[in-house]
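Residue numbering begins at 1 within each chain, and the chains themselves are lettered A, B, C and D in the order written.
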Amino acid sequence: MTVRVGVIGAGMIGQDHIRRLTEVVTGAAVTAVTDLDQTRAAEVAARVGAMALPTGAELTNSPDVDAVLVTSWGPTHAEHVLNALAAGKPVFCEKPLATTAEDCMRILEAERAHGRRLVQVGFMRRFDAGYRQMKQVIASGALGAPLMVHCAHRNPDVPESYTSAMAAQDTAVHEIDVLRWLLDDEIVSAQVITPRATSHRFEHLKDPQIMLFETASGVRIDLEVFVNCQYGYDIQCETVGEKGLTRLPDPATVAIRTARRHTTAVMDDWKARFTDAFDTEFREWVAAIGTDGEPTGPSAWDGYAATVITDAAVRSLESDGAVVTVDMKPRPTLYGGTA
Amino acid sequence: MTVRVGVIGAGMIGQDHIRRLTEVVTGAAVTAVTDLDQTRAAEVAARVGAMALPTGAELTNSPDVDAVLVTSWGPTHAEHVLNALAAGKPVFCEKPLATTAEDCMRILEAERAHGRRLVQVGFMRRFDAGYRQMKQVIASGALGAPLMVHCAHRNPDVPESYTSAMAAQDTAVHEIDVLRWLLDDEIVSAQVITPRATSHRFEHLKDPQIMLFETASGVRIDLEVFVNCQYGYDIQCETVGEKGLTRLPDPATVAIRTARRHTTAVMDDWKARFTDAFDTEFREWVAAIGTDGEPTGPSAWDGYAATVITDAAVRSLESDGAVVTVDMKPRPTLYGGTA
Amino acid sequence: MTVRVGVIGAGMIGQDHIRRLTEVVTGAAVTAVTDLDQTRAAEVAARVGAMALPTGAELTNSPDVDAVLVTSWGPTHAEHVLNALAAGKPVFCEKPLATTAEDCMRILEAERAHGRRLVQVGFMRRFDAGYRQMKQVIASGALGAPLMVHCAHRNPDVPESYTSAMAAQDTAVHEIDVLRWLLDDEIVSAQVITPRATSHRFEHLKDPQIMLFETASGVRIDLEVFVNCQYGYDIQCETVGEKGLTRLPDPATVAIRTARRHTTAVMDDWKARFTDAFDTEFREWVAAIGTDGEPTGPSAWDGYAATVITDAAVRSLESDGAVVTVDMKPRPTLYGGTA
Amino acid sequence: MTVRVGVIGAGMIGQDHIRRLTEVVTGAAVTAVTDLDQTRAAEVAARVGAMALPTGAELTNSPDVDAVLVTSWGPTHAEHVLNALAAGKPVFCEKPLATTAEDCMRILEAERAHGRRLVQVGFMRRFDAGYRQMKQVIASGALGAPLMVHCAHRNPDVPESYTSAMAAQDTAVHEIDVLRWLLDDEIVSAQVITPRATSHRFEHLKDPQIMLFETASGVRIDLEVFVNCQYGYDIQCETVGEKGLTRLPDPATVAIRTARRHTTAVMDDWKARFTDAFDTEFREWVAAIGTDGEPTGPSAWDGYAATVITDAAVRSLESDGAVVTVDMKPRPTLYGGTA
């Protein structure tokens, strides 16, 4: 059975996911597209034989839409997800689930009222082969209990609109999600310290930042976020346990020896780095939705947790590096908790 | 438009490609299956909602089949490919195209009579990301003219049915094809020398073998074929040019440090190593077939060349390591030649 | 001219340096040995044709001793160094220079009174080929200004006598020295945070520890100290600048592929890891002493700085991870400062 | 006891070894120097407080010379070594031992007449840490019996005086020696094939060359010799056994990430690559000579074997790649044989 997907938001990421659902992933079809820019919606829809609809609500409620994909502007996510929950339809929401903890809570409540999961949040790292291997190694017990994680998240550069708070909200949020999952543990505090800033940045921006997290079981995470590192897109992660460590591989690329140098390539951006992860993310989502309608990837709870943890990191940044406790509600049973 | 594929041969590799065409690659559907074992054909067909047909000929001529995939026993390939050519339908044939040079020639003649390409041969390495990067590096001129290629093709072990000649026919054939493509050059001679044999093999088998090839432009290739190497499935390739070299990467896997050792995994088998290459091979084949019907991957000529080159290698093996000239006809214009 | 060295302290490290001065480094001879255990002193001295003397003072003042090597118990270092300064003889003192900042200051004053350098402190990492390459890369400007350094210092295990404060005093002190030199910058604050402790340690010990340092120019350093990591002796260092990074290499060791694993060895201990650095350290010391008597390696000021920085780290550890400002006096002109 | 060494030949390599014996290695002193260019001999001798003597014979027979180091022009080696044997003095002879098999045989006979070893030949690779680790791995049995060795020996470029035969005589000779030792096996045939030549070479030179060797036990060795590879000095060696392989490490150098590239350095020349091996070679030679006068490194037999094997390789090159059997006499008992 083909899952008929309606897409809300036809910008760059929306178009990329439409291509993915159409050309890469089997079992899905994009049947409807909407966008604030209706001309764009029409163009994008026409390319894949979908209809263009004027609003997210109409799209969500269309009988030709089995599941909703939200790739619109962040502040609109909550509304679209709530609409999908009201319609009882599965919804894949690009991160963030919502821009405030309150809106995340409203979604959690609506989903709990529905009684089973409908929401998946677009944290693609859980679908990356390297992180999955790391999780297997950790879960196998080969390293003993995890004690520390060292990470780096580096981009060559960012546009002027990027703010200091986005280092947590847009960038570190990926590590926040993947480490919660990797460690099967919860982050309970955050601290952000600011090294000397690079001269290769806009004046308003604190870059790089070093983020320190502590988990419920006492694991300490340090994360370098450096969004104007110039040299490339580079993701590093090393988990140290009681008996050993495991390290995320760099992507496999050919080695070249010329002119007294052995070189391998560093990637340009996240799209190249996580192409396979995105493909797997949607392949598994479509398979789960198509089978019993309940997604198996990052949940609304994971979206909520990411939001409250990034909130804590931003508060630390704004309070000169103070340690900020994460203000997280108890986890409901729907999401594996006891509340 | 969905390409409706009929599959001849429902063994392990046939089933894997049926899964690939059904679950992994978009734009295709398997509509018919045949196999000598009709029960098996029926079971496999039922799984994907295809019809089971009694013979390859019926399958090829079915109006519900747009393109044919041949994954049957090697000696039957030529007949099925010729049938497809007679029906004017695109045909993807797993290697070998045919088991004799004569049969390959009959296919070439039939395809030339048809006037455009219909045949693609299943050499998947051309679709591997690492080889493609190597080809880009070589084609860029960064290394100067290629002079030598050092390769290794290692399997942990093989079944008793594996013969010394299969080292060329079944194993080295992958390097033979990919190196012709990588270098954009033709192999003109072959020589096989036999080191001391490993004790981990069946008595009848010469293993390992070292194969030496020379190309038309004078590039020398050495290839270690070691099919009972015990330690894993390991593919190495290094091209040395006038100014530098490029080397195929090992697959990216997490590193682990425990017990005084830094370790990464070596793969078990070719299926894991070339999963992505197989997916890309079929994705591109379906896209090409679905667009204008003419495939862009390895041609019948490439299948013929691989057969005559492996023939030369086998003759060298059987004549105590003599240098054997490849007996290759001039390349027809349909395949980029001048004949 | 042969430099005649008198050695105070004939324990394990003293004996190793005696061997080094006798068998590895040219231009030196060990002419006198003393130790609290006079029998041991006599045995060790006899092995290399040196005299055994009853006290450090007699050894220092012997006319057959041109330079003094202090490898005795840490709390006695200051006295021996001050004696050598009083005698106007070059002295190589294993770390620590002294166990208190006050004793370090007395040494600095005595050396300044002498008017030129006589003291070298045994921080061997500055002589390691990898760190020297890193320093060249940083100094070349290829990375832009340094912004962050990520380090790890891991031992397989430590004896029961090892205390939580020794993580800074005995272990991190090597990074503290080498990073001050690598960055040509001063450390101004220290903070120690304690992850969940490994179960593979004595009850009294906080292990691992994460140490955070800030330098005068704002570089942020994070250092994992993990002295019961089980898996091996492992030193990591990565300096991130505005345009790129440089990373300390792992020692070169043969790769082995067996049983589905690609493995390289992780070292057992610091002696194997830094053998070449120790050899170079003494080779350069002997060459400098033999030429004009003034050492070129880590100075008494570096010894003082290491002591006050480790003091700050220990205070942070004892005050639950507070950020502690390093209480460092202005640097005198003799040591490149302005005081 | 200091070993007093007389040096015959004060050219570049002679001066480098004089520096090594004087500044790097303990237990030796250079007491006499001779050279065809007597002015040069006098200058070099003066630098280290040695006497300059007019001829090799006088130097060898001087009562102030305990051992002789031959670093003169290759064709003079045999005479100097025979003189040392006549004088009953240990002699270290840079490769080649002699330029003809006949001269090597005369040396072997003279040494056998003496009754114990006096000669060591300057094959420094046996003292390289990486090769020594490989030998340990092979000897441990972890790989099973060795079956194949893949090697490359690459130089950035060579002077115009370098001839095609020197690819074997001067370049491959290092692999020939180190592989005989690594495998504890004898080379029985040689074959040289010539790929398309690089355009970066003098017209008279066949470069690169691929050399194939077979050992008595059937191990097959392939060796790429490429002396104008442009990109750097690069030594590769991989030994494949029945259960696994071991690979020589590249030298440890810092990694740098800048401008979308991860890079490590490739070396410039053999001096940098094998500095430590040379130091160890002379350290062990002096230690052995100083202890009981009998060297433990490569013997006159090894020098003879290298000569007859390179002769076979050159004959193969001159006969268009024919397989040439090595014409080696039975090994005398003095060298571990039975003749």
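What we mean here is this: a contact is a pair of C-beta atoms (placed from the backbone, for glycine too) under 8 Å apart; a residue touches a chain by one contact, two chains touch by 3 or more.
The model shown is predicted, which means the values in this text are computed figures rather than measured ones.
**Q** Under the document's definition of touching, what chains do chain B and chain D have as common neighbours?
**A** A, C
**Q** Report the chain whose CA-based centre is farthest from the CA-based centre of chain D.
**A** Checked the centroid distances; the maximum from chain D is A.
**Q** When the contacting C-beta pairs are counted for C-D and for B-C, which pair yields the higher total?
**A** C-D
**Q** Find the geometric centre of each of chain C and chain D from their Cα atoms only, then give the gap between the two centres in Å, rounded to an integer.
**A** Each chain's C-alpha centroid was found; their separation is 38 Å.
**Q** Roughly how far is chain B from chain C, centre to centre by C-alpha average, rounded to an integer in Å?
**A** 58
**Q** Quick check: what residues of chain B touch more than one other chain, meaning two or more?
**A** 230-231, 243-245, 250, 257-259, 264
**Q** If you look only at chain A, which of its residues touch chain D in the complex?
**A** The touching residues are 230-232, 234, 250, 257-268.
**Q** Spell out the residues on chain A that touch chain C in their complex, using ranges where they run on.
**A** Where chain A meets chain C, its residues are 144-145, 147-148, 150, 152, 193, 195-200, 208, 210, 212, 217-220, 222, 224, 226, 229-231, 240, 242-245.
**Q** Spell out the part of chain A that touches chain B in their complex, as residue ranges.
**A** Of all residues in chain A, those touching chain B are 22-27, 129-130, 133-134, 137, 142-143, 243-259, 264, 276.
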